[in-house]
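Below you'll find the structures, each written out as structure tokens.
Two complexes come next, and they have one chain in common, subunit A, joined by subunit B in the first and subunit C in the second.
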Partner chain A sequence: MKFRIFRSAEDQTGAGPAEAAETPRILPQIKMGKADVSEGRLEDAEPVTGPAVVDSPPVGPIKIAARDVGVFYGDKQALFDVSLDIPDKTVTALIGPSGCGKSTFLRTMNRMNDTIAGCRVTGRIAMDDEDINDRSIDPVLLRARVGMVFQRPNPFPKSIYENVAYGPKIHGLVSAKSEMDGVVESALKRAGLWDEVADRLQSSAMGLSGGQQQRLVIARAIAVNPEVILMDEPCSALDPIATARIEELIDELRERFCIVIVTHSMAQAARVSQRTAFFHMGRLVETGDTEDIFQNPRERRTLDYITGRFG
Partner chain B sequence: MIWIYLLVIFALGAGAYVGGRELARRRAVGARPHSRPGQHGAYALIWVAVPALVVVILSGVFSGPLERQLIAVDTPDSVTALEPFRRQAFFADAQRVGHGQPALQIWERPLAEQLPIEARRMVSIERTLQWGSGLAALLAAILGGLFVSTQIRPKTRARNRVEGWIWGALFVCSVVAILTTVGIIASLAFDSFRFFEKVPVFDFLFGTKWSPQIAIRADQVGSSGAFGAVPLFAGTFLIMIIAMCVAAPIGLMSAIYLSEYAGRNTRSVIKPVLEILAGVPTVVYGFFAALTVGPALRVFFNEIGLFLMGGPLDGLGQYLALVQNQMALTAGAVMGIMLIPFVSSLSDDILNAVPQSLRDGSFAMGATKSETVKRVLLPAALPGIAGALLLAVSRAIGETMIVTMAAGLAANLTLNPLDTVTTVTVQIVTLLTGDQEFNSAKTLSAFGLGLTLFLVTLLLNIIAQRIVQTYREQYD
Partner chain C sequence: MNQHTVKAYGDELNQITAEIARMGGLAEAQVADAIDSVARRDVALARAVVERDLKLDALHRDVEKKAIRLIALRQPVASDLRRTLGAMKIATDLERTGDLAKNIAKRALILADSEPMQPLTRSIERMGRLVSTRLRDVLDAYTASELDRAVAVWQTDDEVDEHYNALFRELLTYMMGDPRTIGACTHLLFMAKNLERIGDHATNIAETVHYEITGEDIVGERPRAQPTAEDSDPTPNISTHTH
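The block that comes next holds the complex of A and B.
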């Protein structure tokens, strides 16, 4: 029965003009697991997940454990009782219609909500078994461990070099200029931007294209060696080619970091993530392996959303 | 009389509006009119009121000269024979007599008999001109009305034509201020030119001695006049620098506090209070400087001087013990306090214009507020803040009241903030207040100073505007 529903749903998705080109491409990729993606890129990134052909995607130990998290903006509650485990060395996608609380949840994980007046977080969010909302945790230090990439590229109006060096500088991670050069270079290389900007590190970051700016911002985030990278719709302001590059990059970064990505694109969630959590009306509706969520959703609302009936 | 005319024109305009609307309504029957009746009414109003207004204004401008010409035509010989200024006085008296007021002077025999005759003649000429202009205005209104009554047809685009008139009226309003400024510059330039005929430009701009007193009698001593403006500009810049030393850091930091640190409640109190402070009249700051700050600083330095006298720093002590109220420091410090709200309000706006995404980006990197301000916000806002500071500088240079009350009059060429200095604006005020003759170098030098000051502040404002503009383009 479920299978039949899913098939018909797939037909429906395939009929939609925007998704027509993408949908057939995603599903086989998911079915074959991550292996063929890794194989296609063996030269530049070695697969860390052992045997190539696996049915379910590799999932690391639990990095962040959220329990009964609620968020209030003044008197208005935006998030209700969210309990979610986020594994390490994995891409977790948060999907859901606009205003469903997925970005709000993302922002609780590095306490960016602290910067909003009148915002209150309840419940417990543990990172490596340590409550990040505890008094003893300094949000400033927490954010050095949990990097964030925003919806619109927001490089500082400084040089490319200065942008990447910003984090290491304020956290005093390096002492010598040569060391800083190394940090900047490796961060830019890991973000896949080095070849494009190596000869103009001192020119303004504002002169880069949108996609380059977004990769620069990712480089800036990974320059401080975070453990977790939060991405809030990182591709929504980019064209398809730049989006594809960022997605490749996310897949590479997964080997070193715990990545949580908020996205509006179902196809993107299917392409880049191993775990998916579906939010609706401020509640976590369903969570599981991406493949399961997309092929065998347990909840009616999830099915409706991923097949484009609302949202 | 002019008020009656305006009232009549107003009434005619109102009538034209109602009439035009009715006419349009009647003529529109059976057709699909382009414009609505009210727009035809407005169009009729314009065509009735504007020609009449133009005639009234023109007659107001030209009736004075015309009247003088007409009177000159048959002036009796005894009056023509008078010297020009006596003749003017005679006609002024004739006008007074004509209007039933007593003459100001006592006139001799032949003139005393002419006076009532001339008075009657003047009144009749005046009346003729007034009635003439009134009739001309009425005629213009009627002609305009007749013209517009032929224009009110269903096809006439009254809507667009009225729009064109509104465009014109708004354009004229916006040009008035610019033309006035041009006029001010022209008059300044003209009088400065007369001054520079008497004193060479080079001597004025680079001379180091300022002493504008000129001998009235040949045997007076020590008042040959020296017009070197350097001490005045040095004094102006000294006070400006002291003021900026006070205003720039405090204003900037209060802006940072307001835009980044203050909670909503604090901000809603402090921001309006600062803006109210910006509206305090400068003369009030002048009182404060002259009566409170000046004496307080003098007592402070005098005490230090008395303490040091007789010791190893005896010379310094002697000097400090004689410091006066009117020092550059007093005027500069109070002017700086005056500029704080100005600087902080402008800088606050500029900091708020920095996109929130940059703050988020910096916080997300684990930066604290002050690191974000220092490394991201200030560099991003720097051009704008520099522009704001330059605007404050040009205000400080042009500020008059505080320095008039708190700085001195002695044109010392010094960088010592405890000395008395004088500024360009103070000198302009002293040169032009009271009874002055308007063709001596002393008085004319005020215009030279004014022009130079105008050019300096204009330059500063242009630079500041440019900087602020380039800054805005970066984010919009």
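The block that comes next holds the complex of A and C.
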């Protein structure tokens, strides 16, 4: 299942990623962004026009392309015509006041809204040119590719080791115990938690501090080698030092993953992200490089929000 | 611009802007009085200018303190950040303007002891008036956030340079004609140079106002009068602008 928003390079060269789309996806593979597609896209950009969204397109391969995404809870529409390119190996921050639709949009990217009765998603969301809402996509497998970290750390009431090993185990990624040990260690190391828990892997995860639990949850998410990590206010329950640790971790993780973070802290969005999208009343208002959004936004509503002028 | 949700934040920003306006008014008066003290050979006025400079210095320090405090406590972004940093930069320009006015007043005190040189002091007065007008225009542009007015000041910087070059030639003629005037003429030359520098500070402020309003630098060529070779100006127009 492919669709194209922009004319891609293969239209001109005749070669390109067509074969990649046909290759059956094997889970633990991290699929690299298709640089050739995105380069063609930059030159030949014909963006689908939404209603007056101020947009300066990202540089680099696009991981997720959302087009005219709407979300309905029953009769109530929560999200309107959101079209947004999310680049790979980049942190994209979604900001906006409560109820603006940023979390709703985040949840469309791994089909978390499927679990809500009466919720309907319209429009298209493509990950590597593949429609994630297509019938052929198994949401469980999708969520292994698109991991999620929530506001409150939610470790399983099991040992630290079990928490991290759970994902690889149920997805059948690892069989041998020694191999699993390696996976757990590397995930904990990448999450910056290894040094603190190496000598008590079998103790309960519930005994960890909030910041440690949140890093454990991140380790759990990256243990299955996802391509995208969604974070819904990951630091709102943490103190400043634990927050700084997570932010440092996010900065390291972006070398390997596409990260999308919803945050109420504009300072945090400015600190951790390279791209920022501002939502207001269910619509995407402005998107651009974070430094531009926080130095000189082009849209008045964005300026009012980031400078604290929303009455 | 809408109100800040946190009123105290908006109030603090407004206080800084108001303080810049006050500094601007004082700097303008200093320049005008310094020029008057030269034209009227008014020793009392010249002394008053020298003394009042302390007030400008104090205001400068206060603006900086307030701006640093606001950055530390409020973490301003975008237009608010530009406004805060703009205030700091303008305060520095105004403080320097005050120093130059003070220097003119000090030279006025010295000139008051020597023979009057009517035509020359009138030229200085004209140049002083031009520079004062530019200063007032750019400060009005700042308080009213009028972009066009700031740009107009920026674009007409060459008028001051032309005045300076003309005065330079006039002074040379005098000094060659009567070497006894060299001492007084040198003071007048420094005054002219000081006025030219004040004009540069007005241009700097215009650039800051432009950046504060738009978030971008002024682009385009600024017309500039070049001193001709026969002027053999010992200090050619070395601009103090930061681009």
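Here is the rule we use: the second predicted complex is superposed on the first by the 250 of 311 C-alpha atoms of A that agree within 3 Å, B and C clash if a C-alpha of one lies under 4 Å from a C-alpha of the other, contacts with A are read in each partner's own complex, and residues count from 1 in each chain.
Just so it is clear, contacts are C-beta pairs under 8 Å (C-beta built on N, C-alpha and C of every residue); 3 or more make two chains touch, one makes a residue touch a chain.
Keep in mind it's a predicted model, so treat the numbers as computed, not measured.
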- Task: Considering only the touch criterion stated at the top, classify A:171 as touching first (subunit B), second (subunit C), both, or neither.
- Result: first
- Message: Going by the contact rule set out at the top, does A:147 touch subunit B (first), subunit C (second), both, or neither?
- Response: first
- Which of subunit B and subunit C A:310 touches, first, second, both or neither: second
- Task: Classify the contacts of A:297 with the two partner chains as first (subunit B alone), second (subunit C alone), both, or neither.
- Result: second
- Go through the superposed model and pick first if A:282 touches only subunit B, second if only subunit C, both, or neither. neither
- Query: Which of the two partners, first being subunit B and second being subunit C, lies in contact with A:224: first, second, both, or neither?
  - Reply: first
- Message: I want to verify the contact counts: of subunit B and subunit C, which reaches more residues of subunit A?
- Response: B
- subunit B versus subunit C as contact partner of A:211, first or second or both or neither: neither
- Just which bits of subunit A does subunit B share with subunit C as contact spots? none
- Message: Considering only the defined contacts, which subunit B positions touch subunit A in the complex?
- Response: 263-264, 355, 357-368, 371, 375-376, 379-380, 474
- Item | Touch list for subunit A against partner subunit C, complex | 266-267, 270, 294-297, 303-304, 306-311
- Note on the structure: In the complex, the residues of subunit A that touch subunit B are 110, 112, 115, 117, 140-145, 147-148, 150, 152, 154-158, 166-167, 169-171, 206, 217, 220-221, 224
- Query: Which bits of subunit C are touching subunit A when the two form their complex?
  - Reply: 1-6, 9, 75-81, 214-216
